[in-house]
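Structures follow.
One chain, chain A, links the two complexes that follow: it is found with chain B in the first and with chain C in the second.
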Partner chain A sequence: MSKVLLDVRNLKLYFRTRSGPVQAVDNVSFQLEEGKTLAVVGESGCGKTSLTKAILRLLPRNVETYEGEIIFEGEDIMKYNEDKFRKEIRWSKIAMVPQASMNSLNPVLRIEDQLMEPLLLHDRTMTKKKALDRVKEVFNIVGLPTDFLRRYPFELSGGMRQRATIAMALAANPKLVVLDEPSSALDLLTQANLMNVLKRIKQEYKTTFILITHDIGTASELADEIAVMYAGEMVEYSSAEYFYTDAHHPYSRKLMASVPTLREDKELQFIPGQPPSLINPPSGCRYAARCEKRFEKCSEHPCTVELEHGAKVQCWLYDETGEVKHA
Partner chain B sequence: MPNVAKQLQQQPGQGEPVIRVEDLHTWFEIRRMGFFKAGDVRALDGVSFELYQGETISIVGESGCGKSTLAKTILGIHHPTKGKIFFQGKDLSTLDKAGWKNYRASVGYIQQDPYGALPPFMTVKRILEEPMKINGITDKKEQARRIRQVLEEVKLAPIEDFLPKFPHMLSGGQQQRLVIARAMILGPKLLIADEPVSMLDASVRVEILQLLQGLQRRHNLGIIYITHDLSTVRYFSERIFSMYGAKIIEKSSTQALLKEPLHPYTRALFEATSDPDVENLRTFKEVPTGEPPSLMNPPKGCRFHPRCSKKIKGLCDVEIPPEFQVDDEHSVACWLYKDGK
Partner chain C sequence: MANVETAEKQTVQKTQRTSGNLGRIAKYTLMKGITLLITVVIGVYLAILIANGGGYVDKMREGQIREQVSLQLAGNPEMAYLSQAEREQIYEQTVQIRIRQVGLDQPFMVRSFRYLWNGLTLNLGKAEYLLSDSGSRQVRNILGERLTPTLLLMASGQMLLFFTSVFFALFLSRRYGSVIDRIVVAMAPTSAAPAWFYGIFLILIFAALLGWLPFGGMIDAPPPQNPWLRAVSVLKHMVLPVGAIVLSSIFLTSYYWRTFFLIYSSEDYVDMAKAKGLSDRAIERRYVLRPTLPTIITSFALTLIGLWTGAIVLETVFGWPGIGRLTQSAINMFDTPVIVGTVVIYAYLLALTVFLLDIIYALVDPRVKLGGGEK
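Moving on to the complex of A and B:
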């Protein structure tokens, strides 16, 4: 077993609103080993993006509760003050490619200036020339010609801009890169090309990724581990190997059954109903109202159970020993 | 899911097609300094097909390939530069004002982004009344009856709860149902669905597609389903057209195409689609690099040839491939198939 890079324990992120606190991330715990990729999947509004924001501490003003432990390379980075966090962690060790980031490049700056900026800011000893060399290097890694560095963002296509933002995240040589829906706004072929690039980076440079996506098909391109989020909670955490053949949580199963497949003819199912409001979520299992397998016990909040091959499930169907009780 | 595609077995060539498109071109003029003509964007460049009652055609392709222009030209939002559209045998270019109104009432349009397609200041009731008012259904009782009927069909129940709501109070799936209800309220013969599920969550997607399928069966509708997602078409359509660079490059029955896509571009689309499978982790996809062609100045010959790995020098880059009929169900515009398969 390789080294654990990121260990998140009981992470909570609540937002303050007029009608009460929104429990966007509620008691999320997981461990991610170095060099592995974790894909976080779930429907919109389940807290995927909030989770990444909580890890990178990119918080809006209306935060009500922000607590738990985030142990990164053995140190609890939640204890760092903002200044230390900004200097030592954000972008230099944990970088991010935010959602729709290809449209977030500054239109009046050349690509090279934008890519060099984080390098120059994070390392005072860095010269412009060295920074440019590094930027050229990462441009090669993501498969873009280096003469494009002199261009402005509007001179690049969507797929190229997306690669440029990934290059920007990789520039400072971070340990962990968080990708928030990196390919969902791109065309199919561009998306497949991008996934090839990410896969190559993963194999050659052993970068650890957290991939946020709603597309379970795309997630399988990159993921070693899959985490399923539902209504702010992580209901299942499992290795991709097991997840794609045999998901455990009733929600994960339904989610898998709702994905149309190209190569195999299967009966599609949908999940009736809607996720609960995160302002006042049910005290028991949050999925119970939509679950076909619910029973009396589901009105209490389920604990997380570890199954034999390391999968963690938050569901009453499985007891402490990992046995299936009510399947 | 009961596969309607199999049950209906609509034979192409039976009866009058709902819509027939002949050599359709839609070009947009580009002007320099507002005066001099600088060229045309050939958004649609010679498209022909017909659609029969009770049949669904899927049109797949990437953005900028002309799928939405095709939809909008059929809807009459854009005027064709060349070519003809026949609706139930009648040439659209010969229609007068009343004829157009009548035509528009018999074609329903389902937009991609449901929230953008619904006026935010109107209640559900008003949104559904609007098309009826425009088309002369003024009787309050008849209006109420139709609203009840369509809302029941799209399963927005209990109806009374939804009528006074505004679009922002509905979830994404409910909004899309409302868009479908609005498209259905005048009893159309043809539905054009432009990426109806691409903005929705996976768990809701299937529900909406099943709903559309149910409507098709009950009302014997013709549906043109526009999508970039190949994996949904298998559950939904009888025929698939694949578009690239403003042209239809492959026409096939769904079964035949899914068994063996012929055009190198359709193959690439096929290859690029990821099914949830852990094997994906270990393999790289073979997809063509590069970008779709500029439609202002498209490449000579086959428009896919600059990206194609199988191009024949001296043929693909010179002459535009015609449509080759490979078998009864499958035709493809690619020089590789000039002598059959």
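Moving on to the complex of A and C:
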């Protein structure tokens, strides 16, 4: 087993609103090994994007609570002050491809300038020429012609801009790249293309990825680990190998049942109801209201139990022995 | 080998593109120039039509001429020896000479086009009633004399207001929701009152009550001999009107720019810049100010145009000898040449600013390309 790169413990991110705090990320813990890809899945509004923001400390103004530990390469980066975090972590160690990454390029700067910017900023010994060479290199990796570097973002198509953003994320050789729905705004062909690019990068450069998506199918192509988020909590964390055939949490199972597959003929299912509001969520299991298997104990908050193959699940149906009770 | 060939091909293409670009820029500039010229011509002609009341003002002027001539003749003792018929003949002759002298004998349409041509060639002619302070009747002298004080006052006031509010707004957008931000937002409606309204209160407080600053005018009477003392005296007279300009709009403009910067600092690429580890100052400069530069430049250019027209009431309140007061008296006295003169100068300045703006836009915003997108 390779070493743990990212260890998140009890991460909380609450936003302040008029009607009370929104618990966007609530007590999330997970570990990610170097070179692995974690796919975080869940429906819209379950806190996936907030999780990326919390990891990269890209917080909006209305943060109420932001606590927990983020141990990256053995150091708790939550303890870094703003300046140290900016200089030592951002982009040089952890980079991101944001949601709607087509809009994440400054419209009035040439693409090469935007890509070189973090390189020149974080490495004092970097010359402009070296930075340009590196930028050309990453452009080749993502499969964009290097003469596009002289262009402005509006002269590129959406898919190209997305790739340019990925190239920007890779440029500084970060340990961890957080991809927030990198393909959601693209057509299927471009999506498949992008996934292939990411797969190749993963294999060749052993980059660690966190892939946020609501598309479980897409996630399966890249992921080694799957985390399922529901209403701000991480309800299941398991290796991709077992997750697709044997998900534990009732929500994960329903989620899997809603995905069409090629090889088997199954009736697609849907999950009735809606996720609870993240302002004053139920004190018990947050999924209980929609769960088919709920029983009395579900009105209390479930603990996380570890099962075989390192899977972790937050549900009363399981205990340490892994037995399924009341099923 | 292949590389060299493609490189050569690229250079050839590039040179071709550059020369094509030059031609396109020339064509674009010409087209823009012609369009703006047409706008200026129409604008000035409309001003001439309106300033003459569609020819009605000329009828009034004819009446005035008749009155003057009859008074003149009545006061002439020689006329008493002439018969009634002779007297009327002389009267009619004199009137006709005077009418021909000012060109009122031609139909209005013909004259309006002559005015237009003279106006456009800045051959502004003589004022009908107004005199410059040095006693000249030339419209050019009258306008020239008044332009400097207006520019001095308005430029100081508006520039101070513009730059203070933009930088103050940047500061506020960084401190969104803070006490000072809330105060500015709450104070914004105070800008509903015009500058002269604040001017009156400033005069009451600082001139009447405290006696620190002069009530109005531009320089002490008599003006000091020493040029330094003269400058100090002008500065002293400028404090209150400039203060009134800034005070009357600072909260609203700061509020406006602060909201503007807030909107643009929530763009995705600003978040990205933060994730890239850029410092706050670099983000502000390259990711907030730089993309919004076209808008800021437009606003600034429009402010510049606004300077030339002066502020009629403010100049009156402070007794400032500027172009605003001149325009007002020209309108009151139906002094067509002066009115047309101000309009012509204003139209030219506006057209020139718009023309420059278009070029500056293409320089600061790569999305604005010269002359269509054909490739």
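As a convention for this text, the second predicted complex is superposed on the first by the 324 of 327 C-alpha atoms of A that agree within 3 Å, B and C clash if a C-alpha of one lies under 4 Å from a C-alpha of the other, contacts with A are read in each partner's own complex, and residues count from 1 in each chain.
One rule holds for everything that comes next: a contact is a pair of C-beta atoms (placed from the backbone, for glycine too) under 8 Å apart; a residue touches a chain by one contact, two chains touch by 3 or more.
Source: prediction; values computed, not measured.
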{"item": "Side-by-side fit of chain B and chain C on chain A, or clash", "value": "fit"}
{"item": "Touching partner for A:Thr218 - first (chain B), second (chain C), both, neither", "value": "first"}
{"item": "Chain B versus chain C as contact partner of A:Lys87, first or second or both or neither", "value": "second"}
{"item": "Touched partner set for A:Phe154, first chain B, second chain C, both or neither", "value": "second"}
{"item": "Between chain B and chain C, more extensive residue contact with chain A", "value": "B"}
{"item": "Partner chain(s) touched by A:Pro145 [first = chain B, second = chain C, both, neither]", "value": "neither"}
{"item": "Partner chain(s) touched by A:Gly74 [first = chain B, second = chain C, both, neither]", "value": "neither"}
{"item": "First (chain B), second (chain C), both or neither touched by A:Met256", "value": "first"}
{"item": "Touching partner for A:Phe270 - first (chain B), second (chain C), both, neither", "value": "first"}
{"item": "Lowest C-alpha to C-alpha distance for chain C against chain B (Å)", "value": "7"}
{"item": "Contacting residues of chain B [partner chain A, same complex]", "value": "1, 62-63, 171-172, 201-207, 209-210, 228-232, 234-235, 258, 268-278, 280-281, 284-285, 287-289, 291"}
{"item": "Residues of chain A that touch chain B when the two form their complex", "value": "43-44, 157, 159, 187-193, 195-196, 199-200, 214-224, 240-241, 243-245, 254-256, 258-265, 267-272, 274"}
{"item": "Of chain C, residues touching chain A in the complex", "value": "176-177, 267-269, 271-279, 282, 286-287, 290-291, 293, 364-367"}
{"item": "Chain C partner contacts - residues on chain A that touch it in the complex", "value": "56, 58, 61, 86-87, 89-92, 95-96, 98, 100-101, 103-110, 117-118, 121-122, 152, 154, 165, 168"}
